[in-house]
Every structure is written in structure tokens, then in C-alpha cells.
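One chain, chain A, appears in both complexes that follow, with chain B as partner in the first and chain C in the second.
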Partner chain A sequence: MIGLFPTVVAVIVFNVVLAMLVVALRLRSDRRERSFRQVEARWDPLLVRVIGGEDVSAPTIRPDEARHVLVVAGAYARCLRGSDLDRLQAFVEPYARTLLPELRSRSAEKRATAAELLGVLALHKCSRYIVETLDDPSPRVSLVAARALSRPEYPEHTAAVLDRVHRYSHWSPSLISSMLALVGSGAMEDLRSYLADPDRPSRGRAVVAGTLRLLRDARSAPIAAAALDSDNPDLVVSSLRLISAVGSSQQAESVRPMLEHDVFFVRAEAASVLSKIGDPWDVDAVANLLHGDSPWAALRSAKALMALGERQMLEDLSRGHGLASESAREALQVELV
Partner chain B sequence: MALATLDKGGEDALVSIARVVQQLDGSSVEYGFPGISTCARAVLDASDEDIPIATQELVDYLKSVSRAAAAVSEGGTGVEDVAIVESPDVPAEESRTVSVLHVDNDDVVATLVADRLSRDGFALSHFSDGESALAEALLNPPDLVILDVKIPKMDGFELLAHLRSSPKLAEVPVIVLSSMGSERDVVRGFDLGANDYVLKPFSPSELSARVQRLVPAS
Partner chain C sequence: MTNLLMVFNAYIIIYFAVLNGLYMFLSAVAFKRLPAYARRLRSFRIDDLVASSGGLPMSLLVPAYNEAETIVDSVRSFLTLAYAEHEIVVINDGSSDATLARLVSAFDMRKVSRVATTNLETEPVRCVYQGRRHPNLFVVDKKNGGKADALNAGLNYSRGAIVSAMDADTLLEPDALARVARPFLEDSRTVAVGGIVRIANGCRVEAGSVGEVRLPKKALPRFQVLEYLRAFLASRVGWDALGATMIISGAFGAFRRTVVDAVGGFDSRSVGEDMELVVRIHRHCRDNNIDYKVTFIPDPVAWTEAPETLSQLAIQRNRWQRGLAQVLNRHSGMIGRPRYGTPGLVALPYFMMFELFGPVIELLGWIAFGVSLAMGIVSVLHATLFLLLAVFLGSTLSVAAVALEELSFRRYLRFRDLMTLLGTAMLENFGYRQLTTIWRLRGMIDALRRDRSWGDMERTGFSKQSDEVAFSPTWT
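Moving on to the complex of A and B:
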């Protein structure tokens, strides 16, 4: 009994300390929230007037409230473009540098927020620091910096972002492709060079092929045809999709061998591409996929045959049994829908 | 006391009326017109562009107050006369404020749109979801609707379809203000009857210009 007493006391003391800590953290959080709301209430109407083009004789932003004001301004900047955005940026720009120390914070969350805010509020003044943030130890912070730099007004940063694309392997390739496509036509040269370079990581090249497809860059079709030599099936599929979007019969010769590829989704994609850029004599090769071991490749083959005008062949097939017949029926049904 | 305002419409007229009403308000405490104080407050608010008030509505109100003031003056309070003098070259019906109904659940966008359009002389009402916006539009048909696509309860395309199928609202111009910028979305918006499609991020000034093109502000 006596031996148990110190343990009970220790547990009680520990719980009391823990409870006090929780209360202290909660109070601190509430105080910060209150402080932010006060700054927001004071500055929000002023920022709206600045955006509206009013000549506002606003008080100077105090150093201790600069970060809060920039957070409020950032929320507006994300929704704006054009002269309204220019006015807001010109107003807060002198204070944006107060965020620079946060780019070296120990908290990845703070570094990411700072990079994002600098990107929307003062990119042309702080781009050097955001480019440096691409090498942040956290891939997430690096991605935020890449997103901040991927703007049509600043195509000169595309090469720097592309050099780090391999770091974003935790994110969907289509997300990264869309991000790079935001730069627009100013990025074309860098993107083409990247896709053409066999020394670049295959995953990065696959992402870039996706970007060029989104940008519908016809000049990248022969580059995509050359990338079909890759051992990486993701790059091959991405290149096939690029050819499908912007290619012509000139790339068909490179696509045909892909019908024999070891990986089923490459064969399926190749059938689909040939239905767009192929010749009538591709029908037999495409039809061979109906009798393979992959239901997916068979279905894509049936749809490709439909696109090539082989409805009669599919109707004949649909009367039978097995994978080829099922795929033919599916393709005919899709056509009806 | 003679009170003259030149009612040429717009923000300047409201501010000038506000100043005059403030003077009148100084007298109103003495002669007991509590209503005029409310009126002055409303006008001052309007001059900050929070509550747009139709100038004609205000003039009508002041006329009724002026009659009360005249009655008090007959009782020997010392006030000789209160009269509202309208500018003869501005017909009353031209001062009606164009009403815009804005549907968006993003408060930041709502603030930006409200600020720009009220600066440019439009009366704006804002709703955060499709259902309440539709109910309001059926009750008080607006002159123009600005809607987002991703809104709760009823999405923007569905709301647009409802507006177009209602005889009361079929002709009301609609601008879609959305971040959904794919070709398919834009085409769908126009197919459903949108008059314009503006992508986010957007320029409030440009949006206002597009609104002016469809329904010029009074």
C-alpha cells in the first residue's frame, strides 16, 4: 500500500501538468486566433479598397502584424488577376520580405506557407528565394515553391522546376503535368528538351509528355515517337497519349511495334492511338489484341476497331463466346449509348 | 429652412444628400424627427457602399419628412420650410438601381464582387447556395445573376437550368464565374443559356465591365 502511494501521486502530478499544458496551449492558440481576427478586421476593408483602386491613405503595417496582413492579402491575391491583383501586390510588396525568414523555419508547414504567400504576393521581387526553396528538404515545400513559380509570366523558371520534377514522385503525375501546363507556351522549349533527353528520369519525362499533351504541342509528336524506345512503360504510355493528341500518320510507324509490347496497358494504348493515326491495314494487327490474354487490351482493341470503321467485324464477333466476343459486344454497346 | 440637392444619381449625389441630411439631423433632435436620423445613418452607410440605396427612394423619403417638418414649422418652431429640389433634367425612373444576384460560397470572392459592383452603382445581393438563390430570384427577379458552379445544395449548372426554365427569369442575363475552365464546362455553361463565362482567378474590374455590357448601371 505504502509503495503504491508515490506512484499514485506521480500519476496525479503528471496528469495535472499535462492538463495545465493543454490549457496553456489552448490559451495561446486562442490568443493568436483573436489577434489574427483583430488584424483581419482592421485590414480587410482597407485591402478591399486598395484592390478597388481607391487611393487609400492606409497606416503603415506594423512589423508584428505584417504576417497576418499578408495572410489576409494572400487570400484575395489567389482569387485575383490583372490590374486588381497588381494594385494589391504593389501595396503589400514592401512588407513581403518579412516572410523571408520563415523560408528557413524549422517547421515545414511555415516554410510552405511562406513560399506560397511570396509566390502570390511578390514573386517578381522574391523569385530568387522561391527558386532556392525548390531544394527544400521537404518535397512538399519544394512542390509548393514549384507551384508558385509555374506561372505564365515567369517561363524562365520552368527549367529550374523541371530539374526537381523527380522529387515529386509522391504526387499524381497528372497533377504535376497540370501544374507545369500553367506556364503555357513559354515553357515549350524547356519541356521538349526535357522529353527528348534520355538521361532525364523516365518518370519526369512521362510527366512532361503529359504537360505537352495538355498544351497540345504538335512539334513534340516526333519527340514522343522517339521516347517510345524507353523501357519505362509509364513513359511509353504517356508518349503514346501525346501522339494520340497531337501526332499524325508520320508517327504510326513508331507506334505499331507497341501492339506487341510486353505490358498490356501499353498494347491497349497503342491500339487506341492507331485508331486515330493509323492506316486501314492496321486493322489486322489491332484485331489480334482481341484474342490476347488481357481483357483491357481486348476492349481497347474493340473500341479501336469501331473507330476504324470495322463495325461489321465486331457484329460478327459479338455473336460468339469468349473474350473477343465480350469485348466486341461491349464496344457495340458503348457505340449505342 | 430650404434644403436643395441636385440629384444626378450615383455615389456623389448620395454623399451630398448625406451631408445635407446630417445638417437636417442636427435640427431634427430639436424638433423631434427621429426618422430623419435613421435616414441619415442609412445614407452615410450607403456612401461607404455597404448598403446601396436608390436615390429616388431617398428623395421620396425626404419629401415625406419635409411635410412633417413643415407641419412642425406651422406650430411655431421657427423652421420656415423644408423642400427637396430635384434636378429637373434627371427623370426619376432613370435612377433605379440595377440589381445583381451573386451566388458563391467563397466569402473572399463574394467580398471582391460586392465591392466592385457596388462601387459601379449596382445593388448586390449575395447567396451561398443554389437553393436559396433560386428562391430569392423567383421572389424578387434580379436584373442579372452571377453564379459559381461549385456551390452547395444545387450546383451552378442546375441553378442556371432552373433560371432558364422559369418564365419569370428566362431572360435574365447570367454570368458564370467559375474556376472550372475546361472546354467541356464552358460549352456546357453556354449550352444551358449563360450569357458569359468568366474564369477564376478573375479581375473584378473586368467582371464589372461584362456586367455593364449586359445591364448598364443606372
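Moving on to the complex of A and C:
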């Protein structure tokens, strides 16, 4: 009883204070938003003039609005390339430098945010710090730095990023491939060397094979064919897709054994690849997959046969029942859609 | 008798303290977690990477039973979702109305052959249709078998690496798929992701998407808005931080297909198939020493209409409680066993003690409290103080949820709505909470009777009012 009364009073007070805090939070958020809009309204025309090539003298910036200005400039910078971006970066660089101390913040999110903004606004001046951030204790922050460095203007950083690819092992390989592809043709040599090196982690090589596929690098097809020896099915599939995109009949010999691989998605991929680079005598081996236990492999096999011009074989099959017939029927209707 | 009552009262007080302490703890965790999550999202932008083939193909499974009123609008809204590679698989679960005919006619669909890539057992599938103008739209027409059965049929005929199960009457925000896919891209161990479900009553819905967000005018859905904020922004964020996300709403969730296949799909015997699947995934992964993650994120938004009548709400809550009872009964072997980690040691015991038996204990508590008062064991002052404590603690938790909303997403922009929410946080303690306790209690009784029905719910569409959300139990 003695303890209950103060408890009730404490809870009531806490409740009222919390409700007041909510209202205060709303008022603060509204004020911040207004302030952001004002900064945006003041800086937007200025930044547009800078991007347009006008000689604009940089106004003094209040410390409390520096972050807002960088956010506004960052939104522009993400959409720009070439000289437009250079002009904007040169203009905001003094302000962007204020972010450097944040790269040493205790909060991983703050370090990541700073790396991202520095990457889009001041990479030309701060690349050394961003490269250092690749070794940040947090893989996420390291990846943000890798993303910042993956730009066509800076292919020289690709090797440094590739050396850390193993740190991003939990991330989707396709996402990392997509990120590395942003560098473009300047990264080809580093990427090819990485894929060719059997001492590199298989997962990293799979990612790189994906990047080379996105970049459609024809010279990497023989390297991909050599990578098919790997025990790692992800690397094998990624290499098969690379061969499918840029390969030729020269790689067919390496691909054929993959039709008997233990893993069904490797068999399925191999069938698709052979439909592009194979010979007429691959038909029987591809058709064998129709009668296996994997619907995915059967389906890819049927579509591969269609691509190889085996319409009659599929039409005969489609009159029956079971997985092979269903796959044949689906493959036959593809061209109707 | 007196001693017995005193012991029971002491038990109730401890129960009450532990329960509210846990809620407070989860809210506190959410206060730390939500702003950090928002900063994390800002620091690594992946939209362009996903758009340039960095994403994962996704299948949207939409079970539909007698949805003729709404299905065409719903599918139109799904077709506008911003995601690079997705297919929509509507499963017509033996509707007796014009659901199938309207789909076929509106989207110019034709019968196609489609290979089933998994062989989950379902009621017979009659036919698969594909849209002529929208080749990523499929309709699987099958004999009626219930929602879980329909989802399994959808799984059989879908091709995405990620499958997203949702209700036909749910509206997704345009970027919801991209957002819900993000955890799968960020961490290959992720096998299931839940998004937030918000209440669309009162909001302006135009062309299949929610425009202006407003609070409902009626009290009943307004209470549910607050309830959902508590459940999603405080409870689920908190549980997620503890690594024990046990519920992914049936209205909107996404799963890695390989895992759903491995556990045998949705359980068609369960009325709480969404929670059941998640618990089964936890069990499967831990039994097989698979490194995995089941997570909840608060930014992919699905909008749904909440029941506006007491009878509809009662049916919904009854079903949730029965679903919970089934899940806990089926997976009782996980409870208290260290090999099941936080889900087995903390989350499931919590659901058993506070969510399943909560209504019973609460009711007995009120009875014991009344008898104690009548017998003079508890003084009027003591009773009043305890009641005040209960009301203000409940209200504080709701205010905390509103604070979380303000701190993170701020969907209710009108100041008037904010004040109404704060007022509702107090009002819901007088009648609404007690009613939900009674409905849950009835649900428990029905669960003991092995009632597996879904109950008849009205479906009239977003432009009109009233609906139900297939959803799982949450703390209230």
C-alpha cells in the first residue's frame, strides 16, 4: 500500500510527460521540416546555377544548416555525372569536409552515412579516407565505402574493393555484382584476374563472374570455362551465366559435363547455355534432363530444346503426361505469349 | 479462503508487473532500434542496384475466395508495384461468385500450361491462366481448400526466389516489395521478413493506393489503429531485436522459397497459418543447424481495412486466439528447450503465458479482486490505486507507441489526429480492452472445442467500409 501510491503517481507523471514529449516531438519535427524546406529553397537555385556552370561565390553557411545543405547537394550529386558533378563537388567540397570526423564516430550508422555523403560529394578529395573506411570494423560501413568507390571515374580503387569482397559474404551476390558493375570497363582487368585466381574465395569469384556478365566482357569467357572446375555450385552457375552471355562454341566442351552435375540448378543452367552455344548433337544430352526428377531442370531443358529448334520433339512429348510432357507444353507456348 | 485469495492476488500482481515490465522493455528496445534502422536505410541506397539486376525475383501469392467486388482493383494495384522482377499469382480458391470471370475478362487471360515446380499437396487445380497484356500475372483456379491450401497451390505454380503471401484485400505501398526484399539482399541468411500492416479506414484511397492518411472517424477502428501501432512499432520491433520474430502477418510477409518448400509449405489445418509457418521455420532451421534469420522491418507498408462492427471484430479476435492456441499446442515441444534459443526459451513461453492464458488470468484476476474487495481483504483505496495503475500503465504503453510513430514514420500528419491518438490511448482502457479480453477468452474456449472455422466476414471493398484482416495475435 505504501509503495503503491508513489508507483501510481510516478506512472501518471510519466504518462503525462511522455504525452507532452510526443507533442513536443511533433512540434520539433514540424519546425525541422520547415527549416529544411527553407534551406532547400535557399540552396536549390544556387546549386542549380553551380551545376549550370555559373561562377557562384559560396555563401557562409550556418553550422546548424550544414547537414541540410549536404543532404540537398547529395540528392543532386546522385543524379549527376561528368562535368556537372565535378562543378557541384568542387562547390560543396569545403562543407563536405566537415563530415570527415564522423568517419570515426562510435555509431556505425553515422560512419556509414558520412561515408555515403562523402562518396557522392567529395570522393575526388577524400578518396584516401573512403579507402581506409573499407577496413571499418563493421562490414556494412565497409560496403558503403565500397559502394562509394565503385564509380567509373575511379577504376583504380577496384582492386582495393575486390580485396574486401569476402567481407560482404552475407550480402546477396547479385547486389554486389551490380555494385561492382558500376565501375564499368575500367575494372575489367582486375575483375578478370580475380576470377582467374583459384586462390580467391569461391563466393567472391562468383560475384565477379556476375559482374563480368553484366559488363558483357567477351574476353572473360575462357576464364569462366576454367572456373567450371570449381566445387562451389554458385561459382559454377555464375560462370555458366557468364558463358551464356558472352561465350561461344569454344566453351561448349567445358559446359557439357555440367549437364550431369549433382546440383539441379547447375544442370538447368547448363541446358540453357548449350541452347545458345551448343551443337545439334547436344540435343540428346539436353533432352535427358526432361526425364530427371527436377522440374526446374526439366523446364530449362524443354526451353533449351525449343531454342535448339526441336519443336517436333517437344510436340510429340507434349501429348503425354508427366513432368516431361508438361515442360514440353510450357516451352511450346512460350512463343505465343 | 482469505489466504487463498491473498496468494492469488499476489500472483496476479506479479503477473501484472512482469507483463507490463516486458512491454516497457520491448518499447524501450524499439526506441533505440527504430532511429538506428532509419539511419541504416539512408546510409546504403540500393534501389539502383536492385533495378540493374541486383534484385531477387519475387512471386506475390494472393489467395482469393469470393472477392469479386475487389479483386480487379487489387490486382491492378499489385501490377503497379515498383519492383524489377515480380509475378503475381492469384489463387482462386473455388470462389462461388464471379471472382475468376472478372479476372479473366479484366486482364484478358488465357489458359496456359505451367509446370508445378514444387509438389505441395493441395486440393485439385483446375486450370492456370496467364494475362495476355500482363505476362507476369497468373491465376491458379482450384477447388476450395482454405487460405493455406490456396497459398500452397500458389507456391507450386510460382517461380520467384522470394514468395510474398498477402491478402487480396490488402493495398501495398508502391515501394513495399522493394523494401521487403531488402533484408534478403542484405543478408543471405534471411529466410522470412514481415512488414508493417496499417489500417486504411479513414484514409483516402485512390486508384488502388492510399493517398492522404487520416485517422478513422469511428472509435472502433481508431482503437485498432493504436493497437496496431503498439503491436508493430513496439512489440515486433522489440522482439526482432531479441532475435525472436514469431509472427509475420498473413496480410503481408515474404519468405525465401527454398525454406518454405523445405518445411512443407503452409499448414492447411491451421487457422493461424501465418504464425504457424514462422514457428515451423524456426523449428526446422534450429533442428537442422541452419544459420538463419527471421526478421521484422517497419518500413514496407501494407494497408488493410479493420472491422468496424463489434461482431466482425469479435470473429477476428476469436480466430486469432484459436490460431495461437493451435500453434502453441502443435509446437509445445519447442517451449523451454535451449536448442530453440530465444524463440523457445523466451518468445513461446511469453505467448503461452501472456497471450494464450492472458485472458483467463485477467478474468480470474478481476473476479478475485472483486471478491477481495467485497470481503474487505483489499481496501477501497488500494483497489482504486491498483485500477489507476492498470489504466495509466496501459495508456503509457500506447502513448509510447504513438511516440515511436512520431519518432520514425509520422504517417498521421494532422495535429488533430495526433491529439486524437493520445486521447484514444486513455479511452481504450474503458471498454475496448475488456471486450478484447472476452473475445479472446471465447476464442480459447472454441480452441478447446477444436473449432477450425474462419467465421463469416464481410468483404465490401476499400471504397466502401468494413473488412477483416487475416492476421495473427499481437499483444493488446
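In this text, the second predicted complex is superposed on the first by the 281 of 337 C-alpha atoms of A that agree within 3 Å, B and C clash if a C-alpha of one lies under 4 Å from a C-alpha of the other, contacts with A are read in each partner's own complex, and residues count from 1 in each chain.
Criterion: contacts are C-beta pairs under 8 Å (C-beta built on N, C-alpha and C of every residue); 3 or more make two chains touch, one makes a residue touch a chain.
Predicted model, so just to flag it, every value in this text is computed and none were measured.
Within the superposed three-chain model, A:Ile51 lies in touch with chain B and out of touch with chain C [touch as defined at top]. Residue by residue along chain A, chain B and chain C are tallied for touches, and C comes out ahead. When the two structures are aligned on the shared chain, A:Gln250 is found in touch with neither chain B nor chain C. By the touch criterion stated above, A:Val11 is placed in contact with chain C alone, chain B being left untouched.
In the superposition on chain A, contact of A:Ser29 is made with chain C only, not with chain B. Contact with chain C, but none with chain B, is seen for A:Leu214 once the two complexes are overlaid on the shared chain. Of the two partner chains, chain C is the only one touched by A:Arg147; chain B is not.
On chain A, the surface touched by chain B in one complex and the surface touched by chain C in the other have residues 78 in common.
Taken together, the chain C residues at the contact with chain A in this complex read 36, 39-40, 42-46, 49-50, 52-56, 112-118, 130, 132, 135, 184-189, 379, 381-382, 385-386, 388-389, 392-393, 395-396, 399-400, 402-403, 406-407, 410, 415, 418-419, 422, 425. Those residues of chain A whose C-beta lies close enough to touch chain C in the complex are 1, 4-5, 7-8, 11-12, 14-15, 18-19, 21-23, 25-26, 29, 78, 107, 109-110, 112-113, 115-116, 140, 143-144, 147, 169-172, 174-175, 177-179, 181, 214, 295-296, 298-299, 323, 326-327, 329-330, 332-333, 337. Considering their complex, residues 44, 48-49, 51-53, 75-76, 78-85 of chain A touch chain B. Every residue of chain B that touches chain A in the complex is listed here, in rising order: 106, 108-109, 111-112, 115-116, 119, 200-206.
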